[in-house]
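For clarity, chains are labelled A, B, C, D, E, F, G, H, I and J in written order, and residue numbers in each chain start from 1.
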Amino acid sequence: MEFLVRVDGARVYELPADESAALIERERVRGRELMAAGTIRHFWRIPGRRGNIGIWSAADADELEAALTSLPVWPYADIEVTPLARHPMTAVS
Amino acid sequence: MEFLVRVDGARVYELPADESAALIERERVRGRELMAAGTIRHFWRIPGRRGNIGIWSAADADELEAALTSLPVWPYADIEVTPLARHPMTAVS
Amino acid sequence: MEFLVRVDGARVYELPADESAALIERERVRGRELMAAGTIRHFWRIPGRRGNIGIWSAADADELEAALTSLPVWPYADIEVTPLARHPMTAVS
Amino acid sequence: MEFLVRVDGARVYELPADESAALIERERVRGRELMAAGTIRHFWRIPGRRGNIGIWSAADADELEAALTSLPVWPYADIEVTPLARHPMTAVS
Amino acid sequence: MEFLVRVDGARVYELPADESAALIERERVRGRELMAAGTIRHFWRIPGRRGNIGIWSAADADELEAALTSLPVWPYADIEVTPLARHPMTAVS
Amino acid sequence: MEFLVRVDGARVYELPADESAALIERERVRGRELMAAGTIRHFWRIPGRRGNIGIWSAADADELEAALTSLPVWPYADIEVTPLARHPMTAVS
Amino acid sequence: MEFLVRVDGARVYELPADESAALIERERVRGRELMAAGTIRHFWRIPGRRGNIGIWSAADADELEAALTSLPVWPYADIEVTPLARHPMTAVS
Amino acid sequence: MEFLVRVDGARVYELPADESAALIERERVRGRELMAAGTIRHFWRIPGRRGNIGIWSAADADELEAALTSLPVWPYADIEVTPLARHPMTAVS
Amino acid sequence: MEFLVRVDGARVYELPADESAALIERERVRGRELMAAGTIRHFWRIPGRRGNIGIWSAADADELEAALTSLPVWPYADIEVTPLARHPMTAVS
Amino acid sequence: MEFLVRVDGARVYELPADESAALIERERVRGRELMAAGTIRHFWRIPGRRGNIGIWSAADADELEAALTSLPVWPYADIEVTPLARHPMTAVS
């Protein structure tokens, strides 16, 4: 099952500079692990926004929640999740 | 997996009276089937709102979408779905 | 009478780490008491949100307010309450 | 238990003039009954708004919902309900 | 003339604990005076919200503003005022 | 007492052309009466909006409501009223 | 360049049933062409919403606009477009 | 003086097809006149939106309002105007 | 040309008490100068709001911006400006 | 390709005064470079807002994002980007 996940991490950039830099570095390490594991399938910046938007894959909401709370920025991030269903048109093809 | 599903059916009540009544009757039949099947687990009115809110159970977003599009009011309804994950506290007990 | 209660506890996670951890620990103790007492009937995480959503049971708004203000996170939480009424369909069965 | 009830009846005024007038007349009859029964305790116009705001009294959400759905304008109205709890200050006195 | 007044005092609870407690104590003293004077006519908690909602009576907006700015929490509170007009139905009776 | 009154009359312009023109003509007649009576003190267009914004004067909310419901566009208009209080600075001078 | 495109087609379902069915059929034909051309890269239903969300690829905003206005539902749809930029993390790998 | 003007013309596209086409044709004629006169300085589509956004130039709000109400789509359009001031940086150069 | 200017100065009241008092004193001095100069034409409190609303007069947006940035509270204030155009009805008389 | 870019820099003005001044000075240097490079094409203040709005030019979202993250205020700014497409009318001329 796939989810659209939008992470607003503005508060991370408002932390003291060294704390913010260390957190972002740890976030990237964890992000690469989730990409390697196939949890994060696609991943973009929205120009101008301090955060990202991506397509995540997880068995269900419990597995997704486990992945999201494993993010180092989780305590500072405002995350919105939209569940995605297969569209009849892509199901046909 | 469970979902919080809020159905705003205001437009249904704004259809011609007989069309609206027939649609609501068919909706109730389908609703009872989904309750019998365990898809709709809990189900309430929000006082004053022309619609309902409920806890639905489905294997994933595809199965939920199939259930929602089977509702006779679907073409007229504004439906909001929130995925639900097990809370650490209930997972412990 | 049942209520849908959504607790946004984002600010709790933005407190100093030890203060936040202690508060969450106390919150869990109180949460378990309210579950044991039947006040909290169902309880979930919304993936990505720093908080929870649940179905609470109370005689009326006064009793609910007493339960909510007994939560250790209350001074930091943004809580939204929606009253729930029995739906004609479930009333029938 | 008391509730703050805000009724937005703009759509009622957008019906054909005779239909609208008949509906408003029936609404007033029902309104007076609910006032006489003590269900509607206070009742105001908000200047400029096509609707009203009031303090309603009901045993619980089920009884309130029954009163609200008995309003002739119910199928056309957008109604928002806020549950009210006794304030510690008024509880003291 | 009556006004619906909603006071959001969330920030008061986010002040240092002793400062917050002292402010709330002073607020209650002033609140009782305004109730005794007939300025505050009705007064409730909205379950889960850090604040209150009430029906205030004042000759006009100037007198209401004087009462509101006399509240100790005023510098920290987000207050919304809605003017109320007599409803034709209550005017009749 | 003064009020800021914003009238959104978009729906008036969406009526059949002759009905709309007749309504606007009657509105202007009533508007001039309210200006002559000193009820409407100032009156502007907001560029691009189908409506107007003005400063109205009335003894209280009841008198304002009577003036607003006397507008021919009232059944089609979405009107927002903000009560205005004397500012300490203008009170000084 | 990629874009997140959310199509709200609720109004399509509110057209007369045959008109709506014909429009949706034409929409599917055009959708398949845009998928075959690589313009639509990914494509989902959001459970409960009468519309879809997808990842579109186009050289720039002009090319995207040409694709969007070629959709048979375009005159009835409310479409929101979010430009997407490569994320530093995916740029590295 | 310059203004950012956003025209939402969705309702134009929801008129009967011939009425809509005629209106859009007249709109384009008037639009070209306003461009030739230097009133409309820049002019874009926002991908997916049924309308446009532009930079308009006018002596003041009265002159802008005259230009906007001269648009054939004016009775159907929702127009938002933002006044623009010279930025200190461009004033320097 | 006139503008409706709404100043939300809530943050000013959240500064340390002496800093806030000094800033408000300087603001009043500057406010009186702008009133004497005819830039601020009308000026009110909105009951309960920590700020003000007024009618300002300026040749254009540049002159208004110069007046607004001259306010001592400017760095802390959230200011919304609405341009105002002469209404056909007042233009007639 | 052009973009409408709105920068809300309110937080910059809420930093300590010397930090804020230094940041704004660096921002102006970088702004002038982006104007000289043709990335920023037009640039305004919105009266009363602590920020700016402009028309930016970039090959695509990646190039725009690179320009935006090069702004010294980027970590403190809330930036909204709207992609712009050529309008059929300007394409004709």
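The rule is simple: a contact is a pair of C-beta atoms (placed from the backbone, for glycine too) under 8 Å apart; a residue touches a chain by one contact, two chains touch by 3 or more.
Nothing here was measured: the structure is a model prediction, and the numbers come from that model.
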When chain B is superposed on chain I by its C-alpha atoms, the rotation angle in degrees, nearest 5: 180
Interface composition of copies chain A and chain G: same or different, split at half: same
Inter-centroid spacing, chain F versus chain E (mean Cα positions, whole Å): 28
Distance between chain centroids, defined by C-alpha means - chain F, chain I (Å): 23
Chain B-chain F separation of Cα centroids, rounded to whole Å: 42
Residues of chain I touching at least two other chains: 2-3, 45-47, 61, 64-65, 81, 83-86
Chain pairs that touch, as defined at the top of this document: A-B, A-C, A-G, A-J, B-C, B-D, B-G, C-D, C-E, D-E, D-F, E-F, E-I, F-H, F-I, G-H, G-J, H-I, H-J, I-J
Of all residues in chain B, those that touch chain A in their complex: 1-3, 60-62, 64-65, 81, 83-86
Residues of chain A that touch chain J when the two form their complex: 10, 13-14, 20, 45-50
Residue ranges of chain H in contact with chain F within the complex: 3, 5, 11, 61, 64-65, 68, 74-76, 78-81
Residues of chain J defined as touching chain H within the complex: 2, 4, 28, 31-32, 35, 42-47, 52-53, 55, 82-90, 93
